[in-house]
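The following pair of complexes shares a single chain, subunit A, combined with subunit B in the former and subunit C in the latter.
Let's turn to the complex of A and B:
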């Protein structure tokens, strides 16, 4: 049956006419006193002058709360989980287990797990509730309202702004969030590009590297300011890449009529704080963490094996990174870094630990005590500010983590789109790193 | 005139919907039928989309969606 037949129209009209007469009879609306609160707030948060600055400020505040708030619990969790590791080690030596079994299970699997949990859990347990609070408050649709025009320009949907915001917490969650976009074409755009916003797992990379870049370039009290600026620049690069790739997709393989944009802006309401915290913790935090744990454990075991199986006195990790080294050098990185990103596929949190482990030729993942120690180790391995910059670029522009890829496959039901979601950012990252490196090599000697 | 031409703060009454397919369906679902009174509330910072008051709820349309609704301005409710 054709949907737009005059009959269906008349039916809808009749239903609304009937509903109207009934409501007019039984519902009394007091004459509106001036303006509603919702209207007053909207006049500010969607205004031409304050709409964008307020959104950006809010984003910064959310990051700041997440990062500073997660510091202490992260440290506590790490200490607690590594204390358990000591007990596990004691237990394994007590039962006289062979050292490879202890290495594989404790130094490989358990340590990777401990890492991912202590790095990911606290920021997610802070970020997701804040996000859910904003959702419950009713602010999120206003973000889509404010930004829709930019998304329209690149052929995407305004609600993609919300999936991106969710992606700051976790890209897998951002990919699932793309369900809010009705049109399949625009939903795919949102899914494929979500990986460009740095998630909670990559924020520590961004922060560590920003600190290292600023300490390698300037030596003064401005280092922390410089670090913050670099983190913000990283986020903006990711957002820029999102628009660029969205535009590219909608003009090539995802061409088509733009779908319609109809968005309800519900009245603001007081968020149910208790409910929000419980809901976001169980629905989002635990969900994401479980998936990360499922992929991190085998990755830890694999990494341990690669670091401990030796051929001609050298570990497999050394062999592999030597192979990757020439290509890494063209990108302004090196073989160890590339291998760390590849082995870090299951979870981005383990990229830096794997890299440090390889540089130290140690047999298990480890984290150095201080940033200064990391910086010294890196410069001893030939790092310059350029290496750190390329590292930041590549951490923003490379294949999504294993959890996100599995989620993309689950959401799209297509291996083709899953593969494209990995290939597009990786190629983009490689090209940009090569360009930056070659241009620097060309012009730097001139100064 | 079409809905996207209705200035902020002004009221209009829907004459007919020219949209076809799922958009039309969605508009009807929102209660946007001939005779419905709408009010333009505000535009987003970039000027598009625009929010309208329709039967007590606030709904935003892009201008290329709102121009598929024909209206007539009215002055008082």
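Let's turn to the complex of A and C:
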């Protein structure tokens, strides 16, 4: 009844007329060139033909910079932190501490912490400043614009692209960001599918695995480019899964008309380069370090205990991973990997450290100071490129971390939706890994 | 003086989406709320504190809106806060490069409350696009203080704090120029006004009357809760 009332019209008219009168009085030069400048760029970056390729190319470049840039600091950090570990070990033997105390504190807690920091921190500290620069520049709404009609087609909301972008930082933040979507139905779709975007904790997994896969397959200057392409492929798998699951949801339990919205493309603004880089660098560093201390240290202690408490001469880890092993093998993974994902529920950052510690507990003591050493450990434990590919896929398609699940419950107020958010990606991940593995086994019997 | 929370003045921060509201918020409070160049970024209402001349202020960052006619949840949140929480001052962040669209919101806020300060932000961008704004005339036309700022480089924030201080403490009471609607609307307002006499004096009865004749039922619901 509000929309067409002549009273509403005359009120709005009075406001607009006054705004126009004042503007004409106080503004000396009307805006002209700004509009055309922004429009000219937008005509290219949001065009049908070039919008997508440009977006992918840009992402690829960002990933390449991240991989190339993260390598050296990663190795430096690992060398430095493991040097401290040696000193810690020397100190513990100097004070004659019992070996279980040294094991729990140094081989368990400290080591997990050192891995999280050296593997996770550098990619994050490089990727996020770049991402924030793009955000400051005003590129994110253009991505949303490019993806809008695809979201429309799967019955979801175009603003979901923005919540996905937030998911890169942290899926819990992405779930909260879904508040920008008004329709409860489309908001649920955005919440349930946010987990398909590799977050802060899983992005470095992608980077690490991509580097390992590319070094398994080629050895040349193009290795980092290949790595970037693999990361991009991983992100695209996540986006495809988003569309697939959104489509599935909107055609089954969340049916309804897609709502229309106006997405304003803001003018491009010059990012505050120095400030953004410094700010997001430190913010990320603090974020990663805090998570490392809160989650990785206890997880490291727990893993050490599991690896060293023995029943019938076998460690608990061996017992558990042997149980999981047959199923893991069908998926092209193994029991240790599945166990690492399960134990990694509190935070995805600790999946790789737990996995490495479990492998190491089998006996081999390696100095894991570089990605090469990690690759050697993995191949020694029967990894092939197929394992790495399945690992990447399962890291993208499995249950969200504990924090995200709690946030989903808080935002939806329903345990049913929380459970679905965990079950859907996990089932999807298991199915896809099984399909890939079985097809590969069929056509490449040698693997 | 209303608008106080303990010993602090409550100051609302309103504005169109993507005018740098969060940057102004961070600049004033020293907090680091996430900023980004896309509309609708602020989904959680942020609160921050700052001290000026020994006085504490609580700054509330309202969701960015183009109007207060309450067509969306954000608009209702912003409108209800300004109307029913009685902030000691309301700062409206305005994008200097598209003044006209932003003034629509300013004119709606000044209909509700007198304690308004306009923060004319993104002055650096306006200058770059050769947009020149006659600030004294704008102040005169609106009847409220207008403070030009470039929040990202902190220019003008000291002046903004001073203006907030003056308006909150009552040392300066802006006299916004009121809108005149067409005779039909004005007649109806005059008709309803006497019936609103029983409302507490802090409410702007002319504005509530205006909302009522506009058939805005959400205002009735909100008043039932508040009064």
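Definition applied: the second predicted complex is superposed on the first by the 260 of 447 C-alpha atoms of A that agree within 3 Å, B and C clash if a C-alpha of one lies under 4 Å from a C-alpha of the other, contacts with A are read in each partner's own complex, and residues count from 1 in each chain.
As a convention for this text, contacts are C-beta pairs under 8 Å (C-beta built on N, C-alpha and C of every residue); 3 or more make two chains touch, one makes a residue touch a chain.
A quick note: this is a predicted structure, and the numbers were derived from the prediction, not measured.
Could you tell me if A:138 is touching subunit B, subunit C, both of them or neither one (first, second, both, neither)?
second
Contacts for A:16 in the overlay, against subunit B (first) and subunit C (second): which applies, first, second, both or neither?
A:16 sits against subunit B and subunit C alike.
Given the touch rule stated above, what does A:39 touch, subunit B (first), subunit C (second), both, or neither?
Once the two structures are laid over each other on A, A:39 reaches subunit B alone.
For A:162, using the defined touch cut-off, is the partner it touches subunit B, subunit C, both, or neither? Pick first, second, both or neither.
It touches subunit C, and subunit B stays clear.
Just checking: does A:52 make contact with subunit B only, subunit C only, both, or neither of them? Give me first, second, both or neither.
first
Answer with first, second, both or neither: which of subunit B and subunit C does A:269 touch in the superposed model?
second
Of the two partners subunit B and subunit C, which one touches more residues belonging to subunit A?
Counted on subunit A, the partner with more touching residues turns out to be C.
If I apply the document's touch criterion, which positions on subunit A are contacted by subunit B in one structure and by subunit C in the other?
8, 12-13, 16, 263-264, 266-267
Touching residues of subunit C toward subunit A in the complex: what are they?
Listed in rising order, the residues are 17-18, 32, 35-40, 43-44, 69, 72-73, 97-101, 103-104, 106-108, 125, 129-135, 137-138, 141-142, 152, 179-182, 184-185, 188, 210, 213-216.
Going by the contact rule at the top, pick out the subunit A residues touching subunit B in the complex.
3-4, 8-9, 12-13, 16-17, 38-39, 42-43, 46-48, 51-52, 145-146, 148-150, 152, 158, 258, 260-267
Residues of subunit A touching subunit C in their complex?
That would be residues 1-2, 5, 7-8, 10-16, 18-20, 22-23, 25-31, 33-34, 132, 135-138, 140-141, 144, 159, 162, 176-177, 179-180, 182, 263-264, 266-269, 272, 279, 283 of subunit A.
Could you pull out which subunit B residues touch subunit A in their complex?
19-31, 33-36, 41-42, 44-49, 51, 57-62, 64-65
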